[in-house]
Amino acid sequence: MSASAAKSTVVAATRPRRRWHWALALPLGWLLLVVFLAITADWIGLPDPSAQELILRRKPPSAEYLLGTDNLGRDMLSRIIYGARTSLIVGICAPFLGFLVGGAIGMSAGYFRGKIDLLAVGFIDILLAFPSLVLALTFTAYLGQSLFNVTLALGILSIPAAARVSRANTLAWANRDFVLAARTIGASNWRIITREILPNLLPPMFAFWLVAISVIIVAEGALSFLGLGIPAPQPSWGGMIADGREALDVAPHTALIPAAVMFATVLSLNFVGDMVRNMVDPRRSAL
Amino acid sequence: MSGAPLLSVREARVGFFTARGPLRAVDGVSFDLQKGQTLGIVGESGSGKSVLVRSLIGLVSESSGAEVGGQVLFEGRDLRALPAREFRGVLGRDIGVVFQDPMTSLNPVMKIGRQIGEGLRLNRGLDAKAAAVRAVELLTEVGIPEAERRAGQYPHELSGGMRQRVAIAIAIACAPKLLIADEPTTALDVTVQRQILDLLQREQRERGMAMILITHDLGVAAGRADDIMVMYAGRAVEMAKTRELFRSPRMPYTEALLRSLPRLTDPTHTRLSAIPGRPPDLARRSGGCAFAPRCSYRTTRCDEEQPVQTWEGARGYACFHPRGVNA
Amino acid sequence: MALFSRRFGLVAALTAAFAAPAFAQAPAAAPVRGGALTIGVESDFEGFDPVRAGVYSNSTVTAASLFYETLMRLDDKGNLLPALALSMTPNEDGSVWTAKIRPNVKWHDGTPFTAQAVADHFNRLLDPANRFAGRAYLAIEKVEAPDDLTAVFKMRGPNAALPRTLAQPTVTTLIISVKAAQEKGADYNRNPVGTGPFVFKEWRAADRLVAERNPNYWDKDKPYLDRVTVRPLPDSDARYASLVKGDVQVIWEDRAENIVKAKKDKNLHVLTWVGSGALVIPLNTQREPLNDKRVRQAVSMALNRKANAAVLTQGLRPVHDDPYGPSSGIECKDNGALKYDPEAARKLVADYGKPVKLTMTVTATPRGREGAQVFQADMKKAGIDVEIKPVDQTQLVKEALTRDFQVTGWRIIDLADVDPQMFANFHSKSPINFSGYNNAEVDRLLLVGRTSLDENKRKAAYCDMIKILNDDAVWLWSGSNIDFAITRANVRGIPALRGGAVQVESAWFAK
Amino acid sequence: MPWIFRQLVRLVVVLFCVTLLTYMIVNILPGDVAIVILGNLATPEDIAGLRKDLGLDRPMLVRYFDWLGSALSGDLGRSYRNGEPVVQAILDRLPVSLQLMVMAQVIALGIAIPVALLSVRRPGGIFDRISASAAFGFLAMPNFMLGIVLIYLFSVTFDLLPATGFTPMSEGLWDNFVSMILPSMTLGLIEWTVLMRVLRSDLLTTLKEDFILLARAKGLPPWRVLLQHALRPSSFTLITILGLNIGGLIGGAVIVEQIFALPGVGRLLLGGIFNRDLILVQGTVAFIAVGFVVINFLVDMLYAVLDPRVRHVRFRS
């Protein structure tokens, strides 16, 4: 086995240790900061994110308004932080919802195969072929626009991807010796799925989830642009960019600041996602 | 054993940076290989034998993130000092490689004929047609029936033994001066292992190639290598003519390896002895002899000091308590 | 309305004004023939069969007025000009109008344009079987054609405003070829036939509509342009960028930011038209808590309409206290508007006794979102909670029609006369009075406005009415109906943007 | 043959479910096309009458199967809103969407493949790091923002490309190409990031394979090792994602179509929904579903072409 041992060591070679920690500290630090601020937004003395001072609209950053004001003269800093709350709720919950449903579908498909697999694949096909616009519009028009409905709509849209990931991984794990062993000693399907397969499924799903968060945060922005996002005046990063876009030339900060915050967060999420993948996926541990 | 050696390795070192810290996979290995000779490199998994040879032919290099040191002379030329293009020329033309697992060492999405012809076109300047013809010849030579049809197939359509034959055909395609066989039979069925080893040996003799045969099985090296180098934890712990090594190993590790080999002369129920303990974690090395924790002759000196290589003519060892020597 | 009375010689006025050029700028230079003009509008077109399209957006009116024409026309000062009709004369009480049709006018398909075509057009719209929704605004009973050049409009009652109403290009007044519509059936909507200065060439949905110069146009000098393309460019910023780049030469625009920028750009020219009507915020008087006058007044006083508009529209769209607009000719000395007074509003809310929570239904557009948030912020200061409910346009209309809303955003469109809109919006018997407002005095005054032959009496009635409406705080006037278009500096001869439509019959390129 | 048969069954099932689902969903939306046509002046009697004329007063399922019946005979009906034949409306828009989609993918691949190849030459190296950060930058950039930035940059500032609008191929191939560059870039510049990530990760896995070492041992220059040996076996996930993207883009490029005023299928669908033009929505959704299934079918075929081992494997992730 010396060849494969060499293989993993060969690629394990990256940079010296110090840099590794740097790469970990910055994105993790940023994410923790964002989450912390989003949670404590109410208690850190921020101005009301929907308090308007129309006369002071679209003012550049200053001592009074650290990040300037938006199109209705509201404090950008406060809106960014409260927006983090919205964006994170949508970004975290929507893929989570997708993963609960999609994960279950993918797991049963990958484990039971046969007809169930066919059904699941068919279901995913239908969901994928179904125009997401129709779905999003329906939710917002019929059920009304709300944080919950937007999250639900985006959650449903993330089902197929989650189902694919979980199905592929289940397929891979279901044939492993330890699963076969569990079967031969008569373990129930339920037990095998929950005890043998699920634990192995969680790491790749978690890594994928981290990436999904950033995709969903941006997707919420697209919905806001089409007027289907979180209803005003609740701020979200995507919505702020959509609002700020209108004054890109006269007050670029109204769009660029939320865009920069979103960039930093997406970047951090992906770095952390990579690291999680590296830590938990033996096949890629060498990355 | 006359004239300048075909391959001369001095103080080869390979280091990696891993998540757990830097490690020395190969630590100061030196050896010479004469034309037409066979060197067996023997060691457990992780002893650094594969990394060593891969580093010699540039498959482990600075650009893949490793730290590579030492000197490698091939026909008197310093391979590590050669410009990349010239080095690749030497590699393709004069050195052939066979890897352990033919399942993974052949490109699954490329037809066999093309994989063989590729090196010929690049290094011997053959055109596509000539390369294809030559590929079929080579397939016949390594004992593949219906060579013409096989050349148009993909690796997954062949059996394991056949695939390894294809791998050998690729390795010898450009008539190299040195053939490196990295555990060429480990992944194969026992029944075909011997055929493959015989094929390698035959080709080596007929073509007058030198060969480095890497194996964890002393028995494989026994009948086929002129010299044997035993590696442990990245170091060459013993080096000797095959016969001498088998007759009187110096290093306790070699001794232990030999003891774990079944012999026809043993009584049927002799217990094979296993080496207690496990190979050391290279990233957690302290000073001292790496084998010390598993060695039955260990003294405090072994824990504190790294033994240097001692030479007795052509054979060398690195041990404070060599066997068969009255030190 | 001086034009109405026979004493003022309507016919004479019209003939004298014949062929007076309509111009927006540089009246001195002589128009130059030639060139292709591209207009960027906001939305795609509903189609060009009024019965099928139902309504024309201002984008559609811009396109439709290339190949359709009205009977009368208005110059920039509001004077009536002849168009397809040479003159329109009323009978004694204004209940019958006779139009003299311009002779020798041909449809684009080569058939002659006659009085019968005019009659067919209006009668088709009036026929309940066709369910043309805009007929509610028409005060016409039916139209007859005693001969080829005479069309007789029988009105439902005395009607002072008919010629002016017919002069503004709208879905009803732009005359289509009913004959062609019947021949082509459903395809007519996409292949219009008219008499206008340009002939319909092609319409690639969501992309462009192309019209070419009508060589047989009755006004021999016009049009000056060889070809006109109208492109729906839904994204406001991209539309403005297209103009700056020069891909299009004229755009309809409503974003203050772009208009302010354009005014500073010497390559561009901004056209402004202050119409009648207004942007409004209707309050549903039938629903709790807005059925209480105190609450409505509180809302009215809490909304800092003037200051908000001054900032948000950068002063481009001032707020008035009535929906009449300068072009209506109605000026009221006392409109009874409630002043901005958040303190008083707070007191009224306290007086009402219960917490006030409102839901504001707005279109899910940036503009809707902006207005709603400002409304919400102002209400908060007076202790009124507002929830914003963004919906699409269709749903907004549905909620308005079924009176299933509390507060919403709406618009009283720019019409030449205020009667149709005021009557429809505030008369208790009107099916589209979606505030559910019911006030006998207002009903009476609306009838005076509709039927009185005395222009001063009409004006007085409308002023009396606005006092009641303002005091009752039924609809809040949140902005004036001002339309803007931006042109490249070398585009000349675009007339007033009536109804927000860009008309290019007399447009030309300066060298 | 059975494989083809299964694909057909798949197509039929997906089509049926998707259209039925759409039908039900759009039906429960508040407001209907009668209100849209008659506008804010409508009387309830008029609305009821028009609904009857349009057949909207019949039970939902009856209407659906009616629609299905005529759809099967190739007639998707006429738009309620403007009388345009639905098939015509879609066929008019389809070339635009297809071109946008293809050009966007070409741009995305044109960036993703070289960047992935260059960054795996030294994983964790400068280029790898910079390209990864750039990728996230684009990933975090909403397309409605990128679109307008590109317009200001390439049309207004540098005056190189038209800001908006579509020129059909019939009016000149070059003009057509130029008019589609910015919209395709807007999509492609965001999409390459995902493709690059996937390809890079798969390339790294492939590069650890022994056959890559063997290729290097043959003396092949690094770029030939990458292109001839590593790229193809590393492209399966890439192709899966590509297939999904294309499927999604047929009707999902609404924002880009809107900003650049392109007459594509996405806007047709959006307009249809806003106008409650049920028959148009139905037809478009059916078309998109067909497109999706067909593209996935092609992706399956591509697997077989690229990898001789997986001729029968359909569903990969």
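Order of writing sets the chain letters: A, B, C and D. Residues in each chain are counted from 1.
The criterion applied here is as follows: a residue touches a chain if its C-beta (ideal position, glycine included) is under 8 Å from a C-beta of that chain, and two chains touch if they have at least 3 such contacts.
What you are looking at is a predicted structure, and each value in this text was computed from that prediction instead of being measured.
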Of A-C and A-D, pair with higher C-beta contact tally: A-D
Most central chain, Cα average position: D
Chain centre separation (subunit B, subunit C; CA means) in Å: 89
Gap in Å, rounded to a whole number, between the CA centres of subunit C and subunit A: 47
Centroid spacing, where centroids are CA-atom means, of subunit A and subunit D in whole angstrom: 22
Touching two or more other chains - residue numbers and ranges from subunit A: 3, 10-11, 14-15, 137, 141, 226, 242, 245, 248-249
Contacts with 2+ other chains: residues of subunit D: 29-30, 123-124, 148, 152, 210
Of all residues in subunit C, the ones touching two or more other chains: 237, 391-392, 395
Residue ranges of subunit D touching subunit A (in the complex, touch as defined): 10, 13-14, 17-18, 21-22, 25-26, 28-30, 123-124, 132-133, 136-137, 139-145, 148-149, 152, 201, 204-205, 208, 210, 244, 247-248, 251-252, 254-255, 266, 269-270, 273, 281, 284-285, 288-289, 292-293, 296, 315-317
Touching residues (chain side subunit D, partner subunit C) in the complex: 29-31, 35-44, 46, 49-50, 78, 81-84, 89, 92-93, 147-148, 151-152, 155-156, 159, 162-166, 168, 258-264, 267-268, 271, 274-276
Interface residues, subunit D side, partner subunit B - complex: 121-124, 209-211, 213-221, 228-229, 232-233, 306-309
Subunit B - residues contacting subunit D, complex: 54, 57-59, 63, 65, 85, 88-93, 95-97, 99-101, 104-110, 118-119, 122-123, 154, 156, 167, 170
Touching residues (chain side subunit C, partner subunit D) in the complex: 40, 44, 46-47, 49, 52-55, 131, 133-134, 136-137, 186-187, 189-190, 204-208, 231-235, 237-239, 241-242, 244-245, 247, 391-395, 397-401, 424, 431-432
